[in-house]
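I have placed the structure first, in the form of structure tokens, so that the comments after it can refer back to it.
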Amino acid sequence: MIIIMRNNATKADIEAMERRLADFGFKTHPIYGETKTVIGAVGDKRRLSMNQLLMMNGVENIVPIMKPYKLAGRELQKEQSVIPVGNTTIGGDRITVIAGPCAIESREQFSYVAKKVKEAGATILRGGAFKQRSSPYSFAGLEEEGLKIMRDAGDETGLPICTEVLDPRDVDLVASYADMMQIGARNMQNFKLLREVGKHNKPILLKRGLSSTIEEWLMAAEYIMSEGNEKVILCERGIRTFEPSTRNTFDLSAIPVTKELSHLPIIADPSHAAGTYKYVSSLSLGAVAAGADGLMIEVHQSPETAMSDGEQSLMPEHFAELMTKLKPVADAVGKKL
Amino acid sequence: MIIIMRNNATKADIEAMERRLADFGFKTHPIYGETKTVIGAVGDKRRLSMNQLLMMNGVENIVPIMKPYKLAGRELQKEQSVIPVGNTTIGGDRITVIAGPCAIESREQFSYVAKKVKEAGATILRGGAFKQRSSPYSFAGLEEEGLKIMRDAGDETGLPICTEVLDPRDVDLVASYADMMQIGARNMQNFKLLREVGKHNKPILLKRGLSSTIEEWLMAAEYIMSEGNEKVILCERGIRTFEPSTRNTFDLSAIPVTKELSHLPIIADPSHAAGTYKYVSSLSLGAVAAGADGLMIEVHQSPETAMSDGEQSLMPEHFAELMTKLKPVADAVGKKL
Amino acid sequence: MIIIMRNNATKADIEAMERRLADFGFKTHPIYGETKTVIGAVGDKRRLSMNQLLMMNGVENIVPIMKPYKLAGRELQKEQSVIPVGNTTIGGDRITVIAGPCAIESREQFSYVAKKVKEAGATILRGGAFKQRSSPYSFAGLEEEGLKIMRDAGDETGLPICTEVLDPRDVDLVASYADMMQIGARNMQNFKLLREVGKHNKPILLKRGLSSTIEEWLMAAEYIMSEGNEKVILCERGIRTFEPSTRNTFDLSAIPVTKELSHLPIIADPSHAAGTYKYVSSLSLGAVAAGADGLMIEVHQSPETAMSDGEQSLMPEHFAELMTKLKPVADAVGKKL
Amino acid sequence: MIIIMRNNATKADIEAMERRLADFGFKTHPIYGETKTVIGAVGDKRRLSMNQLLMMNGVENIVPIMKPYKLAGRELQKEQSVIPVGNTTIGGDRITVIAGPCAIESREQFSYVAKKVKEAGATILRGGAFKQRSSPYSFAGLEEEGLKIMRDAGDETGLPICTEVLDPRDVDLVASYADMMQIGARNMQNFKLLREVGKHNKPILLKRGLSSTIEEWLMAAEYIMSEGNEKVILCERGIRTFEPSTRNTFDLSAIPVTKELSHLPIIADPSHAAGTYKYVSSLSLGAVAAGADGLMIEVHQSPETAMSDGEQSLMPEHFAELMTKLKPVADAVGKKL
């Protein structure tokens, strides 16, 4: 790391810093400029909090050189991870399409949608049994009954199933039904939950927090991986900005940025980013062309009666149309659908 | 609510919407403009999801008229809430000052800081026993041992204690020691945790999420209150913006806005907003002058060796100086310190 | 528009509002709910400022129903505009590729890059003669000498040329050389400049401001169009958010959103959004797949000696590679390159 | 500056970088870590664009050490600037209060408000003769007629006058009437206009851009100062964020941050930040307590008929009340009103 001293730092300040760094086993390399001194420090930062150095006399700023994530980064693992999920994989040369309704509402509804999305080419089923709702008065999901419905639909269609887990107390239960567990955007920094899913060996779909930087997102992946579960799939679902015409702003750049920094696969969730079905098709084609490993799309047989997020769901026939449009785009970037 | 129909909505679309609204017990009032029709609908919205209406043919947008929070809002309760916390209250004519270190590191450290902040005039002690850390490799707190240290320091100094709870599984434990429980910014929409603390009757300090709107924050308060615990205190701690010179942007306007919309007290946390001790004093004076009911300030006897967030902590002597400066500002706005 | 009255609005407040609206020729339709009254008002809003109504007693909020832009919107003009620029067009079934260096540095440099991008398939040349630089100590462009160099390169290669105009005093000069004039992001709300370019009949490439909503962007287009120049092309170049890994966040959704709201063509500028050449290719493919009418790409023969924005420029050979990758993506969405 | 090389940078890459730096007169200090090399470089950065270095082989990132602004910074000028404006000063121990209507609408209106704000204790008059309006169909100001009305009101009341200039072509005209010229938020990076006002010696009130970082704002001040006009006053007026309950988010931290980085005075504009008169008083008290050198407040005798921004204007009697509340807060922080 590099310690930048203030213009008015004294010789004593600089020497005190060098001693402190030496105490922690760092080699120091001071560079004296005309008005400022900076100190390069080589050593193992995990033994020392940068914050503590920041408080010493005469310090202006500290610049870390190494990335804070190890397991999620490209530095230790160069090759792209390909993660098995039930009978399919995410991260290889095939575009993964995860589809299904926001919430599981009934056995009939879910089974119907499951068959429809399977027919259209989806490779994983999604559906919510435990729902995060911003109002305490909204429908919160069928809970275990929903998990059972989902498991049965997965078995009927032969598609792996993916569902969200909200509470550390529910992880074992959800893991006993699901092929992949989802950590929602609002829980991206629920570190207790991250540690809990890290103890299982089911793949984890980790949504980016609404106001999380890509570095924080990779650190959340690191949390899961540091518990032993390295099967993490990133999911970009839009970030919060000032623009009101979409619910969140889909950050297309997150695709090439995470591809550069990390070996983990990344899929795009245009439904939650847009907040309306109208833009889902355009964002889906864009994400795949930009290099996403897959898509997660909300599909509902009757969006106007959906108990959650109906306005962003595609009808099965529109989902099928999207899959038709997606095929040549996947081909164009050398992927299979 | 108001349903705005598209320019090209047909007569059939408008009639279908009126029928649907009537089915749910709404009275409808269509207004025909030159190019657009809008429909006013009067009734109990809780029976119907607006999202479902949004999906009907010919609908452009729906504008809600009533606030989605009831218990947290001013509409049902006009007078400002004054909330008892141990032997003090928050929300009346006295400025509450909550002070202490970010993390409880040892009995000696905490006890020393507790006495110092009490001497300087703090009215509630703070300290973290369970810590949210963005790196899995950082110090995560002393857990129950920290709660015991804190309880003892509270009893010695006669100050109520406030500490964060992170996990629904820890709520009973934390409630058995603390006088007030804190919900951190990253957990503001951890709805399982909100429901759990809502079942206790200890006051809850609810921090605003980094990217939460004020309406979402009041809905998080509503979650807690809807479980029966109406003793919620709001805490503004900065929002995420593009400006890099502070860790987050302290939103001063949140003070008058929440005062207008809600009867709940609001306190300001300048330490986490600024991310550096240098701006804590300026932000504290500003927040109190703008109408905050109190402050939460990080104080550490030796910030350069702190195990967490040292760079934003004041030393006890600087905290005492701040309290001296705060006195005339509190007086100026008619409050006691 | 809809006027929402406060809970405590009196009968007198409501009548005063109705009278005021009637004075301005509006027909009013009050709707009395249990706790609130709202008033629908049909008429010509241009005669009245909503702000004035907002200040009347008992008013809580006013919701506009009609879009504030007329000429830029889809309401009056349904079909997509196709805008001629020199010997080509923007907005039809062919992807426009505008390429060239950030700044025109010399005749040799510009002529070399111009030939290279033409060979690779660019259809319009770009280059900066007047530069916006955030430091007063940076290179500010060759000015008229740059315009001459650019005109000659355009004539040599047979490509139309596009360059930025910064100052209302330079509009005539720039218009005398350029085939298309660009309004930069920092000038998107420089209304004096917008009016000035609106008086010419050269097509205008209007970049989105760093913190402009799509509605404000369309209002900036409206400014130009209201002066008589309807040849406006929108250019998405990233918005300012909290994410530091790219210079700005490319807002992919702006493509389907402007396509829905406006008949104007939209092109994408991935170079300025990303701020680094590394992500330009991924963003370019994504933008075209999502429906952009074209791209604007910075190309420099020697980015490491560029006088401006070198780090985001592609070398000519990488630009040629991008064009090769772009071809099948354009095909996949039914466009020609 | 510090050049951070990639993990896979070769010895040749590092040597090439050292040679390039040496060519530009830098002394280099390479530091070899276990996985990365960083190079400290001491010299005059103005001769070299960092962007060019960024493009060299094996470079990961470059960290500047020195601030890019010199004249606006504290490094060369330690003591706080006190800037004369007509018969008053900004930046000393007296709180400056600039007040008046958003737009000058008529001689009667402006003269009436001018007398009222003078009586209540304002020290500078404000009013707009040239207006930035986001719709081309809105009132754009009385232009020179407005300047005359304003000058006369200034002379009558004995208060200096401050008004916005929008267009480089109008600078001489505005300077011939005004005691202080304002650069609006949307023009903060209109560098042509900044240079033009830098050639005059009238003090310049420089509003922060809606999405400008504090560093960019100080660079805009540097533009003006580098032309010879060092009389720049900063004005914080809110930044664009995701929060919808205020028009912009007033960034209170900008006060202590600019005080640390710059010797220039800073005043707060709560009217534009809030976008509603309701929060102006709270924000005003907060800003002064936090250390602002003054306030700019919109006052209109009849906000509900104002031709611009009525909803954020105080009535003269409410402005007088605010001044009464402000007095003890100014006293509390050792300032005079």
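Just a few scattered comments:
All chains are identified by letter, namely A, B, C and D, in their written order; residue positions are counted from 1 within each chain.
Here is the rule we go by: a contact is a pair of C-beta atoms (placed from the backbone, for glycine too) under 8 Å apart; a residue touches a chain by one contact, two chains touch by 3 or more.
The shown structure was predicted, so the numbers you read here are calculated from the model rather than taken from an experiment.
Comparing chain pairs B-C and A-C by the number of C-beta pairs in contact, the larger count belongs to A-C.
Seen from the C-alpha centroid of chain D, the farthest chain centroid is that of A.
Rounded to whole angstrom, the centroid-to-centroid distance between chain B and chain C, based on C-alpha atoms, equals 38 Å. Averaging Cα coordinates per chain places chain A and chain B 26 Å apart. Once the centre of each chain is set as its mean CA position, chain A and chain C turn out to be 31 Å apart.
Chain contacts: chain D has residues 211, 240-242, 244 touching two or more partner chains. Within the complex formed with chain C, the residues of chain A that make contact are 211, 213-215, 239, 241-246, 249-253, 255-257, 259-260, 273-274, 278-279, 281-283, 285-291, 325, 328-329, 331-333. The touching residues of chain C, counted against chain D in their complex, run 46, 49, 51-56, 68, 132-138, 166-169, 186-187, 189-192, 195, 209-211, 216, 219, 222-223, 226-227, 240, 303-311.
Taken together, the chain B residues at the contact with chain C in this complex read 2, 4, 7, 29, 31-36, 38, 40, 42, 63, 65-66, 75, 240-242, 244.
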